[in-house]
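Got some structures for you, see below.
After this come two complexes, each holding chain A, first together with chain B and then together with chain C.
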Partner chain A sequence: MQNKWIKLKKDSWKFFFLLPLLLYLAIFTLVPVIRSILMSFEGGNNYAWLFSHFRFRESLVNTILITIFALLFEFLFALAIALFISGGGRRRIIQALILIPLGIPTIVVASNMRYLFDTNGFINTILTRLGVVGIPIDWLGGGALTLFSVVISDMWKVTPLMMLILLAGIERIPKELFEAAAIDGVGFWQRLRYIILPLLKPFITMALIIRGIDTFRIFELPLALAGESFPVLSSFAFFEYRNYNNPHTAAAASTVLFVLILIAIFIYLKLVGLPNEETT
Partner chain B sequence: MKRLLRFLFIAIVLFWTFLPIYLMLKVSFSPAEEIMSQNPPLLIHSVTLDHWKDVFQSGNLWQPLTKSLTVAFSVMILALLIAAPAAYALSRISYRLAIGIILFIFFARMLPDVQMAMPVSVYFIRLGLLDANLGLILAHLIRVLPIVTWILLSVFKTIPIDIEEQAEIDGAGRFQIIKRIALPLAMPGIIVSAIFAFLFSWDEFIYAMYLCLGNKTLPLMVYYYVNRAGWFGAATFSTIIAIPVLIVTLLLQRYLKADYLAGAVKG
Partner chain C sequence: MSLSDSEWGVLRREIIPPFEKANNCKIETMQIEAGDLPQMLEAMSSAKRMELDLFAQDNMNLAQLVDRGLVEDLSRYKKDIPKEVQKNLIGVGIFENILYFMPYRPNVQIVYYNKDAFEKYNLKPPKNWDELLAAAKIFKEKEKVGRVLLKACGSGPTVTQLYEFIVSAGGDPFSFNDPGCIKTFEFLQKLWPYVSRDSLKAKWNTSNDYIARESVYLMQNWPFGINIINKKYKKKNIATYSGFAGPAREAHVIGGEVLGIPRGSKNIKLALVFIKYLQSKEVQEKFVRELSWPSIRTDIIVPLHFESVKNALKHGIFRKHVSYWADFDRYMNEAFVRIVIKGEPVKETLNFYAKQMDQVKKR
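Presenting the complex of A and B:
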């Protein structure tokens, strides 16, 4: 009994070391989250209003479409890059250059992408010069073309992050497997299908869910590229609050986003597992 | 054949990576009549410093620059003061006790910023913290603390607990152990976390959108110009924000790990 007390007293510093962080997270994360969930139920039936409102439905659909297409293209592109640069020459310098977009702030990416996608931007210039189009294309006016522009912009910024996750996985595949496959004369596509992809599976699951959660929360790119003509859940919540002075519907929209993310986190914990001692 | 294919593919990827950055620099140095035409040329035809002179002389630069710097430095220092002790304690608690807190930090990294930003901005209006540096610092910590704690936790985990136990047997107190063993061994990791904390605040956009109306930060200036089709203002301000981040990213290659950056880099 006395030993236990001595041990507890000896370990009490841990409590005081953790206290500031826990207090901060409680006041500035937990309380606002609860507050916004409560707010979403005040001032009328905000959820019924949201789901009957076409702009909200549009932003929900846009968010989901961005997630599907961005994940698909980013995954394929990232896998191709990871396969090409692993095991080749000048690996370090090539990787350093490919990771550069991670260091470009997202709002700057949005601004740069406007030089490409604007009506008198560089993509239209090239298309006009090649004679593909007569009238400049309105990329950022909403709809499928804007979806394409946002997905391309997101791809530019975060493909390197997905590449990093996949590369870490590829590097863990034992070299002997490839050597054995080479001796047996196995071709590239078979190696990909029967060795690389099965062994990469946990990394692919992790990459897709973590990136999926990030794309649900996408904000800067659609906001700065197309504003209100291409709303997503985050930017819809912002417009409701700032432009229409309606904190309750804003809270409801962000709570819908919160629920989507919660589902994704549960799928992650189910498939990938708790953050364990090795990964933390 | 295989090498040629690899070379071609990497060339395409590098072209794709550098094209937008090239355009940003090009626009910031191009004469207005060249860019604002129907078909702006892709290559550099003539160079002008007009837009850069504009930025420095217009008086629009110093206020956002000092605000961004002040906020980012304060966030960096506060994040270390709060996250480093917590991460150290977490790394010295049994996993079964720590997992609750670790899971909460994991969740906090994934939450949508708009959900916290809106109630926080409602509180801050009442407290008079809107547009104040203090308000933005407190808000940026919401985003920065979970990530920095996560990074520091992995840093402290690499310090073997045996050394500390040995020191304890030799009669060293906890603060002696921290000062003599934990801090020196963790120093490189702590410096890297500090740099990340600075950068995550430096390029933060969402909380700034909710909390700044008059006194803008640098990222908000880019948005301001983008919104008004001010191509040159957007290009110069973009370059000013991107350059320090780019240099640091190139220097910190070894530390660009997916685990560090998940939830911190997004669209």
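Presenting the complex of A and C:
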């Protein structure tokens, strides 16, 4: 007991240096989050109203679908690219090229993607000129096509981030394992299934959680691409607050988003386990 | 003020410097969106640090500022408004006989159409709803895609459009289910299959691109589009006119901005001098010439394409100042989505929103 006390006393300077960060987090993150949750219970039964509202239900479904499809495709593409560029000399150049989209602001990405997906945009021009379609496809008018456009746009921007995390994981796998597998004549798919994926699990967890949280909060992309015809939870909350002066329903929608993120993290950790479990 | 970059350019280059020189002062400008101004003024007012001396605010967003007591009473300066200013533009700044806002920039939507496309199909620009529906049907039939643009993006553009349609049909938009409202939504439901899908993304700033790039042949927008279509896209085949009438009349919402002085401003006198300067013939002429803004003054000679603006202003209507505008905006948008886009029954849906609106009014 005394030893513990001495150790704590000895480490107290570390807490002292951590204090500004903790205070910052408490004031600018924790307090607003708690305040927002409390606000969501003020001014009537906001949750009952939310779930009875067709726009909110649409936002909820759109957010969940974007998250599922974006994560799935981003993961598959990121893994493929990471496997392709790991190890070889081509790595640095390709890695640098692939990272470019990460540096572009989301709103700029959305504007550029509008040039692609607009009814008289690049994709429709090509498709109509090649005679693939007779009339332009309405990519951004809502529904499954808009979901697809948003997912593709999101993928273009953030797949490099996921790729970087997975690449770091692949680079950490001991070379001897691959050498032993090669001697035993193990093929690519078996290597992937029995060596790479199991050892990559902590990195996959980290990548999916980081990207999952981010994708749930998606805002500018669907808003700039499709406007209000394709609402998501964060844009719904934004319009509630800004257009309709309704901070309580905006807070309730934000709280639903927050709970959704917590549930997703909890389920994923339950299914896959904490990142440290694999490495320790 | 909330202006585009090109508009700020003209203000900062040609309007503000002569005033600064004449009055030996420095004017700092800020871009503030209409929806953000009330919160910003409220925050400054609560902190007892009013950092704004003058603002230009969209005339659709005035009631909140008055209700929250954020603006100075300017009634005693009413006599200083130049006599050349159109009298009907002063009323929008008056709340319960108190003048809170000064006129400076009116706006009214006009119809833009592609002359070549209309000539190709032997059509005339629609003057009423029947002709509008007929033109939309012909374009869709001939080209397989809709070429008439509605503002179906939601929020302000959709509500402004609906307001005009309902008044044109002889209805009161706030009732939601009077015969004019019902006629409007029935007509829009009929029209919807023939309009351009770009309507779902059409805002005031994006609509100009659609007509200039010829993905649509007819749309309604504010006159600033003339500048963009002529100068940026160099299009010569886009013409304008005041617009089409509904079953009852032709009606166009008068938008634009008015000037107000925040309560607690430290430079009221100078702000009033600047208001007078902005209302002067010299400045208003520059607004017309450089920005294609309609003028508040009657003594300004306007370019030819401004005839459509003048005609539209003749049929101008102001929206009612109501403190529940935000709720009205929400219900109108929702009714539009459910009835026009999703095809839900007109009367039942409008009755539902009429009840919602009644509850809001009682509150």
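Definition applied: the second predicted complex is superposed on the first by the 237 of 280 C-alpha atoms of A that agree within 3 Å, B and C clash if a C-alpha of one lies under 4 Å from a C-alpha of the other, contacts with A are read in each partner's own complex, and residues count from 1 in each chain.
One rule holds for everything that comes next: contacts are C-beta pairs under 8 Å (C-beta built on N, C-alpha and C of every residue); 3 or more make two chains touch, one makes a residue touch a chain.
These numbers were taken from a predicted model, which means no experiment stands behind them.
> Sharing chain A, do chain B and chain C clash or fit in the superposition?
Once chain A is superposed (C-alpha atoms), there is a clash between chain B and chain C.
> So, does A:N120 touch the first partner chain B, the second partner chain C, both, or neither?
Both partners.
> Quick one: is A:S234 in contact with chain B, with chain C, with both, or with neither? Answer first, second, both or neither.
Once the two structures are laid over each other on A, A:S234 reaches chain B alone.
> Counting only touches as set out at the top, which of chain B and chain C does A:G142 meet: first, second, both, neither?
In the superposition, A:G142 contacts chain C only.
> May I ask you to decide whether A:D154 touches chain B, chain C, both, or neither, giving the answer as first, second, both or neither?
first
> Contacts for A:T249 in the overlay, against chain B (first) and chain C (second): which applies, first, second, both or neither?
A:T249: touches no partner chain.
> So in the superposed three-chain picture, is A:G134 touching just chain B, just chain C, both, or none of them (first/second/both/neither)?
Second partner only, chain C.
> Given the touch rule stated above, what does A:N62 touch, chain B (first), chain C (second), both, or neither?
neither
> For the three-chain arrangement built by superposition, which of chain B and chain C touches the greater number of chain A residues?
B
> Which parts of chain A are touched by chain B and by chain C alike?
118, 120, 227, 242.
> Inside the complex, what are the residues of chain A that reach chain B?
Contacts found on chain A: 13-15, 17-18, 20-22, 24-25, 28-29, 31-33, 35-36, 39, 70, 80-81, 84-85, 88, 92, 94-116, 118, 120-122, 125-126, 128-129, 150, 153-154, 156-158, 161, 164-165, 168, 207, 210, 213-221, 223-224, 227, 233-234, 237-238, 241-242, 247, 250-251, 254-255, 257-258, 261, 264-265, 274-275, 277, 279-280.
> For the complex, which residues does chain A have touching chain C?
Counting only chain A, the residues touching chain C are 54-55, 118-120, 134-136, 138, 140-142, 226-229, 239, 242-246.
> Touching chain A in the complex: which residues of chain C?
Its residues touching chain A are 35-36, 64, 144-145, 152-155, 196-198, 200-201, 203, 213-215, 326-327, 329-330, 333-334, 337-338.
> Considering only the defined contacts, which chain B positions touch chain A in the complex?
Interface residues on the chain B side: 6, 9-10, 13-14, 16-21, 23-24, 27, 36-42, 81-83, 85-86, 88-90, 92-93, 95, 99, 101-108, 110-116, 118-122, 138-139, 141-142, 145-146, 149-150, 153-154, 157, 174, 202-203, 205-206, 209-210, 219, 222-223, 225-227, 229, 231, 234-235, 238, 241-242, 245-246, 248-250, 253, 256-259, 261-263, 265-267.
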